[in-house]
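Just passing along the structure, written as C-alpha cells.
Lettered A, B, C and D in written order, each chain numbered from 1.
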Amino acid sequence: MSNLKTTLTGYTGYRGREGHWAFLLHRITGLGVVLFLAIHILDTSFVYFAPQLYDEVLKVYRSTLFGIGEVVLVFCLFYHGVNGIRIAYLDLLAPKAWTIEKTRRSAYLVLVITLVLWVPSAGYMIYNLLRHNFGMFGG
Amino acid sequence: MTNIHQYDVVVVGGGGAGLMAAMYASQRAKTAVISKLYPVRSHTGAAQGGIGAALGNLEEDSPEWHTFDTVKGSDYLGDQDAIEFMCHEAVQAVYDLEHMGLPFSRTADGRIAQRPFGGHTNNVTKKPVRRACYASDRTGHMILQTLYQQCIKNNILFYDEFQAMDLLLVDGKVAGVVAVELATGELHVFHAKAVIFATGGHGRIWEITSNAYAYTGDGCAIVARRGIPLEDMEFFQFHPTGIYKLGILITEAVRGEGGILFNKKGERFMERYAPTIKDLASRDVISRAMYLETRAGNDVNGQRFFYLDVTPETVNKYAEIDGRTRPDGTPYRVTAQEILSKIPDIADFCQTYLGIDPTRQPIPVQPTAHYAMGGIPTNIMGQVVIDEQNTVLPGLYAAGEVACVSVHGANRLGTNSLVDLIVFGKHSGIHAAEFALGADFVPLPADPTEYVREQISRLHAGSGKEKAAAIAREMKAEMFDHVGVFRTQEGLEHAIQKIRELQERFKDVRVTDSGKIFNMELLQTWELGNMLDLALVTAQSALARTESRGGHARDDYPARDDVNWLKHTLAWMDRDQIRLGYKPVVITKYPPKERTY
Amino acid sequence: MQIKLRVFRFDPEKDQKPRFDTFFMDVDPNDRVLDLLEYVKADFDSSLALRRSCAHGICGSDAMRINGRNYLACKVLVKNLHSDQITVEPLLGLRVIKDLIVDMEPFFENYRSVLPYLINDEALPEDGKERLQTPEERDRFEDTTKCILCAACTTSCPSFWSDERYVGPAAIVNAHRFIFDSRDRAAERRLNILNQQIGVWRCRTAFNCTEACPREIHITTAIAEVKQAILSGKV
Amino acid sequence: MSVTAKEPEKIRIQKNFDQIAWMAMRYSGVLLIPLAFGHMILQDVVVGVHQITTDYAVERMATLGWKLYDIFLLAFAFGHGMNGVRQVFRDYIHNPRSFRIVSSILFVVWLVISVIGAITLLAINPAMGR
C-alpha cells in the first residue's frame, strides 16, 4: 500500500505543471463520467423495466442537488472530451509535437475551449434550475 | 564480521579506465569492479571536447604527428616509448569504441567527425589539425555510457557504492583491497590476484576546480600509505577556461570552433604569447599567459578573469584575419546556429550558471584546476612500478588519471586523457587477467581490515575541536594561491607549513555521525585526509623542482632546465616525511627542443 | 539574501519517522541548491547525507525534489526558485535509505531491462574502421543520447509512483537511443519488450518527466516515437 | 543519402491487448465527441431535465435514428469508460491475481449493464408511451 501513499503524495504534492494537471483532471473527469454513465444506463432502463419508477428517477434528477451535480458533470465531460481529443491528436497525428511549449500551450487551450463550451451551458442550466426549483425568472 | 570475496581481478573505479579494464579483464578472468560512485556518475562523463586519434578523416594526419605533438605538449617530460604506443593504439581504440556503439558525430560521408584541439598540429604546416574525435560536446559522457552499456551486456560484476580504503600487500605482493559498503557501513575484503586502480584524480585539493567532489585522490593516497611512490605530482594542469568562480569547464573545443580570448582592453592577448596557433596553444601556455596578464593588470575588473568570445561576429572576424578555411577550402564562417549545434552543453552551462547566451555574449573565464598529470607510476602494461629502476610490483595495476605512465609528462594535451583511459585501461585489463591466470592467490594477512578500522576509529575519536569543513576550505585556498598556476619558493614553503599545520589540526576533527548506513560524513572526512596528504606531496615535489616546465611554472626559475630536471619525480610518504627520488625520462625519437606555439 | 531551508531528514538507525530540519542562512541568489546543502554540511550539521559529485549537472547524482519538483540540486540556482523558502526532499517513488539518499536499484533494474546497449552481430567493416552513419541518421537519436540516468524523470511520473514495475521514461529514453540507431539490429526485441504491460502504454503523457529532465531531452516525444514504431512496425 | 543503406527493418510486433486498447481509447474517444457531446448538450442543456418526462424518453428512444445513436453511444462510451476504469485499477493493483479478479468483475459489470441498456433501447417501442 506504500504505492498508494506515494501516488497520493505525488498527485497532490508534486508541483507538476500543465501536463500533470491535465492528466489528473482527465483521470478524475473520466472516472466521474463513467460512474454517472453506469447509473444513468441503469436508471434509464427503468423506462422499460419499471416505467412507474422512472417518474421517481426524474424527481431525483430534478432536485437541486442533482442539478448542481449535473452542471459539474457537464464540465467533466467537456473537459475530458476536449482533452481526449488533444491527446488523440498528438498521439496519432503529431507525436513530434509532444514538446514542452506545445504541451503547455495545448493544455491551456483545452481549458479555454472547455470553459467556452461549459460556461454558457452551465449558465443556461442554472437559469433553468433557478426557474424550476426556486420559481425565479417567472418560473 | 567481515565479508570476504575472491576474484582473479578486482578493478577499483568505474570510470572510463576502470570499465575498459574490467571489460578486457573479464574476458579471461573472474573480475569484479568496485566503485564508490555508480559507474555512470564517474568523472569521465564530464569530459567534453573529444578523444584524440589520427584517423585522418578530414585531412591528412598520422600517429607520428600525434606522438610528436604529445611529446612537445608534455614539455618533453613524457616517456616517448609510452607516448608512441598510445598514439598508435589510439586509432584502433577509437574504432573499437565506435564498434561498441559510441555515437560519434559524423562527417558528411558518414565517418567519425573530428575537430581541432589545443596543441594538435599538422607537423608540416604547424597549423591546427582536426584530430579530436567527438560526440557533440559530450564525448566523455558517451564513452562512459557506451562502456557501461557494454559492461551490462557482458554481465560484468559491479559492487556499486563500495569505497576502497586500503590495499593489501603481503611480502611485496598484492593480496587484495578492503572496501566499505556505503549502504551498510560494513567492511568487505576483496581477495584478489590482481588489483587495478582506476580511481581518477585529485583536483578537489584546489579551490577553483573543474573536478567533481569525488576527485579526492583516494587511489593515490591508499597506495602511497602502503609505501608506493607517486610520480610527478607537482605537475597539475590548470585549464585556462573555467567559468569564473565556479570552475566549471568550458572545453577547448569552443576555441577549436573559433572562440577567442580577450583581456580587459579587448585585446586578443594570445597573439603575443603564441603567435602561431594563438588561442589554440596548449593549456599550460594559456593559463600562464592569463596569469601574466593578470599581473600586468589586464584582467577584467581586476577580478582575475578574462573573456572567451564565441559570438559569430567575433569568430568570423578572426577567422578572416587568420585566413582559416574549411576542409573543402572555403573560408571558415559560422552562424549562431552552427555554434550552438557544436557546443550545446556549454551553451546550457552558460545559460544555467551565468544566465548568458554564449552566441551573444562573451563568457567570463579563469584558470581552473583540472587534471593530474602525476599519479601512481606504471609502465605501458599498466603495471605499477615502485622505484627508480621501474621495478614491477606483481599484481598491482593502475590506469586512467590516477596513473602516471607517463604519457602526459609536464602537461597533458586536450583529448589525450580519454585516449589514455581507453588505451591503458584496455592493456592493464588484458595484462592483469593474464597475470592472474598464471598466479596464485597470496594468502590474506591475519587481520586484513585492521588498518582501515584503525583509520576509521581515529576519525571517530578526535577531540572535535576542529571542523573538517574549515580545514578543507583553508587547504583549497592555500593550494590555489601558492601551489597554483605560478609558484615560488616562498609560496611553496608557506604552503608546506600550512598543510602540515592543517594535518595536525585534522587530528582534532571528530565525525559526528556515528551511524553505519551511508555515513557520508565519515567517508568525506577520510577523503579530506587523503587530500591533505596529496597536497603535501604536491607542494614538496614542486618545491624541489627548481625549473619551469609544462604545468609547473616557477616564478623564481622561469626557464626549463633540461640539464638538471629532465627527470621524473618520485615521492614516497614515509610516515610523516616525504622522501623524493628521481628517474630518467625515456627519450626515443624526439630530443628536447624549445617549445613554442 | 536570507532564506529558510527545510531539509528532509531520516536516519534509519535512529529515527522512526522522517522529519524536516530548518536552517536559516544568508545566500547568494546565484548559489546552487547543492551549495546550500554543502553549507549545511559545513556549518550546521555535518551528518546530512546526499549523493553528489560533478556539481554541474553532468553526473546525475543529485536529483531530488526541491520545492515539490524534481531537479538536480547542482543545476538549480536559488534565484530560479523565486522563493525565499526552499524545501528539499528525496525523490518520490524510490525507497528512502537515509536523508536525501534513495534506493536506485529498481531504477537501474528497469534501465537494464530494455537492452540498453548496441546489438549488432554482423561483420565489422573489412578495413577495421568505423561503421558508417550519416549525420541525418545520427541526428535521429541525438536527443536521447544525452541521458545521464539521474532518475528525475522516472520519479516524477505518476505511472511510476503507482507502479514501480513500469519501466519508466528513463528506460524508454535509453531504448529509444538504440532503437533508432541505424547501426543497431535489435529494435524488434526492444519494441516487443516495451509493448508489454509494463511498457510504453503505461505512459499517460503526464509530461512531468520532460519538465523535470535536466538534460532537456524531449522525453515524451521519444516515448511517442516508440509507440508509433510499435504500432507501425517501422523505425 | 544513406551510406549504411540499411534495409528498412521488418519488425514483427506481438499484438497485445494493451496496444489494441490504446488505439481503441483514442479512436473511440474521437467518435465520442459527436456522440457524447451531442447527447449531453441536447439532453442536459438544451432540453434540460425539467422538460424530460417518461413519455419524452420513450418517444425519443423509439425513434429509429435516436435508437441507433443511443446504441452507438452505449457501446462506445461505456466500453471506453470501463476500459478506462480497468486501466486505472491496473495502475494501483499490482498483484496479478487480484488484478485478474478485479478485471473479471469489471467485465461482468460492463456486460450486465450494457445488456440491460441494450435491452431497454431495443425493446422500447412507441406503443409503450402512456
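Note that in this section a residue touches a chain if its C-beta (ideal position, glycine included) is under 8 Å from a C-beta of that chain, and two chains touch if they have at least 3 such contacts.
In this text the structure is predicted, and so the values were computed from the model without any measurement.
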With contacts defined as at the top, give the pair, C-D or A-D, that has more of them. A-D
What chain sits nearest the middle when you go by CA atom centres? C
For chain C and chain D, what's the span in angstrom between their mean Cα positions? 37
If you average the CA atoms of chain A and of chain B, how far apart do the two points sit, in angstrom? 60
Measure off the straight-line distance from the CA centroid of chain A to the CA centroid of chain D, and report it in whole Å. 16
When the centre of a chain is set as the mean of its C-alpha atoms, what distance in Å lies between chain B and chain C? 27
Of all residues in chain B, which are in touch with two or more distinct other chains? 109-110
Which residue numbers or ranges of chain D touch two or more of the other chains? 3-4, 91-92, 94
Which positions in chain A touch two or more other chains at once? 3-4, 7, 27, 87, 91
Show which residues of chain A lie in contact with chain D when the two form their complex. 3-4, 7, 27, 30-31, 33-34, 37-38, 41-42, 44-45, 47-49, 51, 54-55, 58, 61-62, 66-67, 70, 73-74, 77-78, 81, 84-85, 87-88, 91-92, 121, 124-125, 128, 132
Could you pull out which chain C residues touch chain B in their complex? 11-14, 30, 41-43, 45-61, 75, 77, 97-99, 101, 104, 108, 112, 116-119, 124, 128-135, 137-138, 141-142, 145-149, 177-178, 181, 183-184, 216
Touching chain C in the complex: which residues of chain B? 37-38, 40-43, 45-46, 55, 92, 95, 98-101, 103-112, 135-136, 138, 141-142, 145-146, 149-150, 152-153, 183, 212-214, 246, 248, 345, 348-349, 352-353, 467-470, 473, 511-513, 515-521
Of all residues in chain D, which touch chain C in the complex? 1-4, 6, 8-14, 16, 18-19, 21-23, 90-92, 94
Looking at the complex, which residues from chain D come into contact with chain A? 26-27, 29-30, 32-33, 36-37, 40-41, 44-45, 48-50, 52-54, 57-58, 61, 74, 77-78, 81-82, 84-85, 88, 91-92, 94, 109, 113-114, 116-117, 119-120, 123-124, 128, 130
